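Below, each structure is written out as structure tokens.
In what follows, chain A forms one complex with chain B and a second complex with chain C.
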Partner chain A sequence: MRKFFPVEELARDQRFEQITMRQAQADPRTVLNAESRNKTNRLTPDRADASDRARGLMHGIFVGEIQALEGAGRTCWDFETGTEAPFALKLDMARQAWDEARHVEISVKLSDWMGTEIGQFAENTVLFEAACSNDPVLRLAGVNRALEGLAIDVFTTMKEFGDLAGDPFLEFCEDWMLADEVTHVKMGSDWLRRITENDAERRKKALEFQQVVDKLFSFGGTRSDSKESPIGLARRFRELAGFTDTEVEDIAEMSLKALEERKAFAAAALAGDTTADPA
Partner chain B sequence: MADPFKPRAPFAPWDRRQLPGLFDVEETARRVGHYKWAEMKLFEALGGWVATVPELDVKMRLGTHCYHHAWHAELWHKRLPELREMNPDRLTVPPNDAMVRFVEAMTEPEAPEQTIEKLVGVYRVFIPHFIAAYTFHRNNTSEITDAPTIRSLNFALQDEVADWTDGEMLIQSLLDTPEEVQRAAAHQARLETLMLEAGGIAGPGTIGGME
Partner chain C sequence: MTVTVTPEEFRFVHFDAAQTARIADDVARLTGIDRPVQVEIDETTPLSRVRIDLGDTIVLHVESGAFEDTKRPRHQSETATAASLARCLLKARDRLEGGFGEAPTDDDLTLQQAAAWDTYCAGRMARLGLTVNQQRFRYNFRNRFGFTDQVDTRFERVWAADALTWGELQSLTSGESMVVDAP
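Now for the complex of A and B:
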């Protein structure tokens, strides 16, 4: 088995349909019709399309958890213990693999509960791409801090949705997954600090990479403080996971910027401009 | 109530644990170091394979089992300093070159069509050998002086047997044709031959001698 596995070769059964980030972001339905919803895109049960959007989001969680599982597993394999990654870091990644496997189990059962079939929505594989860096510290910054940070926001939104919709089953499961994600983000923050303690340059590179992934995974504004974003920024849980106030503010600002960029990109795509850049 | 000051035997009549054991501190540390090395190789491979298998149920099982073996490696890592090995890395080694070749051969399959080979290597060869090595160790070490190792062996064995069952059931569910049965058997034989040369997880004498 090779070290470093290409995203194009992620193994899936025939039910799965994979798409690129560009294709996902060109879909105008998610950002350009906020007018018709009283200027809000937040995922709430009173939206006319609530059940479809909730199912889509849950399927997104499901495929995201598969990729997170694959990413954590690859970190166990891709790096030599001791010389490239500490033994304890790899143990943490193995633990994370188990957690992500459980999350796949949970989200597949929740999807079934919500009336969704596996493969009913497309899979965007950009999450695994963030887990492909050849530096384990960059992986931790990109996956554990940026992506798992996003997962905190997503699970908080879904938990609230379950509460508002009167679905204790959904709320219960999201709360459990949220607990794991806070642990994963904290794990990433701790390792980033420990490994780069005496390597300021490496830490800078890792934090820059995290910013790139954070912006990418603001999903072009799918997650932000704005009501135009379906997913809010879970400030309290981010604090628990070890994000500083400044870091949370930076993510909030970047997410709003990403929302505006994506609206412009989706509008251009709708007008037939195939050269527009999703930024 | 019985008189609390009446002398009692230090060992209750039902406690039949024995003091003698086959392994001294040094031999125990040697074995534990090999266990740790082997468990590490196993959890790394399981983690790496997750992305390469298309079957969703197998993918999730590999992720779960990956942690079980990482935890066993951690148990052995923590046991080594208690066995006077203050540099655990020194003993975290394969017992011989044949074991290295075994691990290389076991981790060779990568293609999405090779799930059978991946599972056979782990669940029909490697894990049964862990069960053998751990069972022999548990049944032959001093039940009193080496109780901490026995405790870890019992935890690990519980996982190994459960994972073995899981893996064997997955394999049986994937074998649809006589050709696939042959593929599984051929791969098992190839790996078992390498394991024979290695002498087991801890090298020759892993499960004692028959003489």
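Now for the complex of A and C:
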């Protein structure tokens, strides 16, 4: 079986439409007349468009779980046991793949509950792209710490949404998936420390890679402490998952920077930069 | 009946004014609208609100997200366009035909009132043969009224209803009374 699978060849049926992060961020409408819109973009039930936005985010979680499953599964297969990755690490990745598969099923059921069809929204493939590194330590940094860290933020937002709306299924399911994600991040943090214990340079490289991925996963400001971002930064759960206070502050700062950069990027697209046009 | 769409050319989205006019014409006939319709698309926002101005001409101020294909951002969806137009034109018809005189203006509708009216429109759209995901509207109704069996029963009644007045719609959604089905 083939190793190191490219993002362009992920197996999807005709229901799915995939877009890149560049396409997702190049929409000039997101910055036009922005000052006349709501001061907050945070997903809460008191928004007039709350149900539809929640449906969109739920679909994003669904495709994210598929890509997380693919990422963890690839880590089990792509690296030689012993020489490239310890067996126990692969066992953890297999356990994670099992969790992600369950999350996919839960997300399908929640989407159905919310009135969303599979593939109804575009699938952003950026999550799997973070899982394509050929160094298992970088993969742990990208997938377990950055991707699963984002999952903690997203699930916390959705759990709060379900709680406020009085939706017992959404609140319950997100809470349980959130608990799994905290475990996945913790696994990534622990393995990163263990494998790079005597290799400071490799650890530094992995943490730098994580920063790059974290910035990507800030989705141009979709996740940050700012009320302009639909998804907040779940500081407490990140702490439980093994992030230090400094790391959380760094992500918060980076997310706000990503928000400003996305605004500038969309403005450039508006000014006629055709490379930003998704058409 | 005439339908006009502005702008004729789009800069920020890949929409088609002629296609929009054709869909609007079909939907206006389907929903029984007998006066000119003007569709003004605001392509500078990805949001999906629609504002209705009633007069000799029905003017629909549409944010581009209301017509957008969620699979392909910035591209137009025929299904979404038809659904958004139908929902607005049914609301316009409700106000024009009478019985909805005491309904607040669109801007003053509460989230519950808006959800109830959307449900009432969506049920009729489904019976007119338009593509409507009932569960999507059920979910929105639950978000506004609660996740209980009683609320689901009210949803079913609103969904199945025709020719309601505003007062009847309010009674149905509040659970104060039930409309008796015709024999």
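Criterion: the second predicted complex is superposed on the first by the 260 of 279 C-alpha atoms of A that agree within 3 Å, B and C clash if a C-alpha of one lies under 4 Å from a C-alpha of the other, contacts with A are read in each partner's own complex, and residues count from 1 in each chain.
Assume contacts are C-beta pairs under 8 Å (C-beta built on N, C-alpha and C of every residue); 3 or more make two chains touch, one makes a residue touch a chain.
If you're wondering where the values come from, they're calculated on a predicted model, not measured in any experiment.
Within the superposed three-chain model, A:82 lies in touch with chain B and out of touch with chain C [touch as defined at top]. By the document's definition of touching, neither partner reaches A:148: not chain B, not chain C.
Contacts of A:94 after superposition on the shared chain: chain B is touched, whereas chain C is not. Legend: residue contacts after superposition of the two complexes on their common chain; A:48 is shown touching chain C, with no touch to chain B.
In the overlay built on the shared chain, the residue A:214 is in contact with neither chain B nor chain C. In the superposed pair of complexes, A:167 makes contact with chain C only, with no contact to chain B.
Touching of chain A by both chain B and chain C, each in its own complex, is seen for no residue at all.
Across the complex, chain A is touched by residues 12-14, 43-49, 64, 70-74, 111, 114, 133-140, 142-143, 146-147 of chain C.
Chain A meets chain C in the complex at residues 17, 19, 23-24, 27-30, 32-33, 37, 45-46, 48-52, 54-56, 112-117, 119-122, 165-168, 270, 278-279.
Touching chain B in their complex are the following residues of chain A: 1-2, 5, 9-13, 66, 69-70, 72-78, 81-82, 87, 90-91, 93-95, 97-98, 100-102, 104-105, 108, 118, 128.
Interface residues of chain B facing chain A in the complex, by the touch rule stated above, are 40, 43-56, 59-64, 66-71, 73-74, 77, 89, 107-110, 112.
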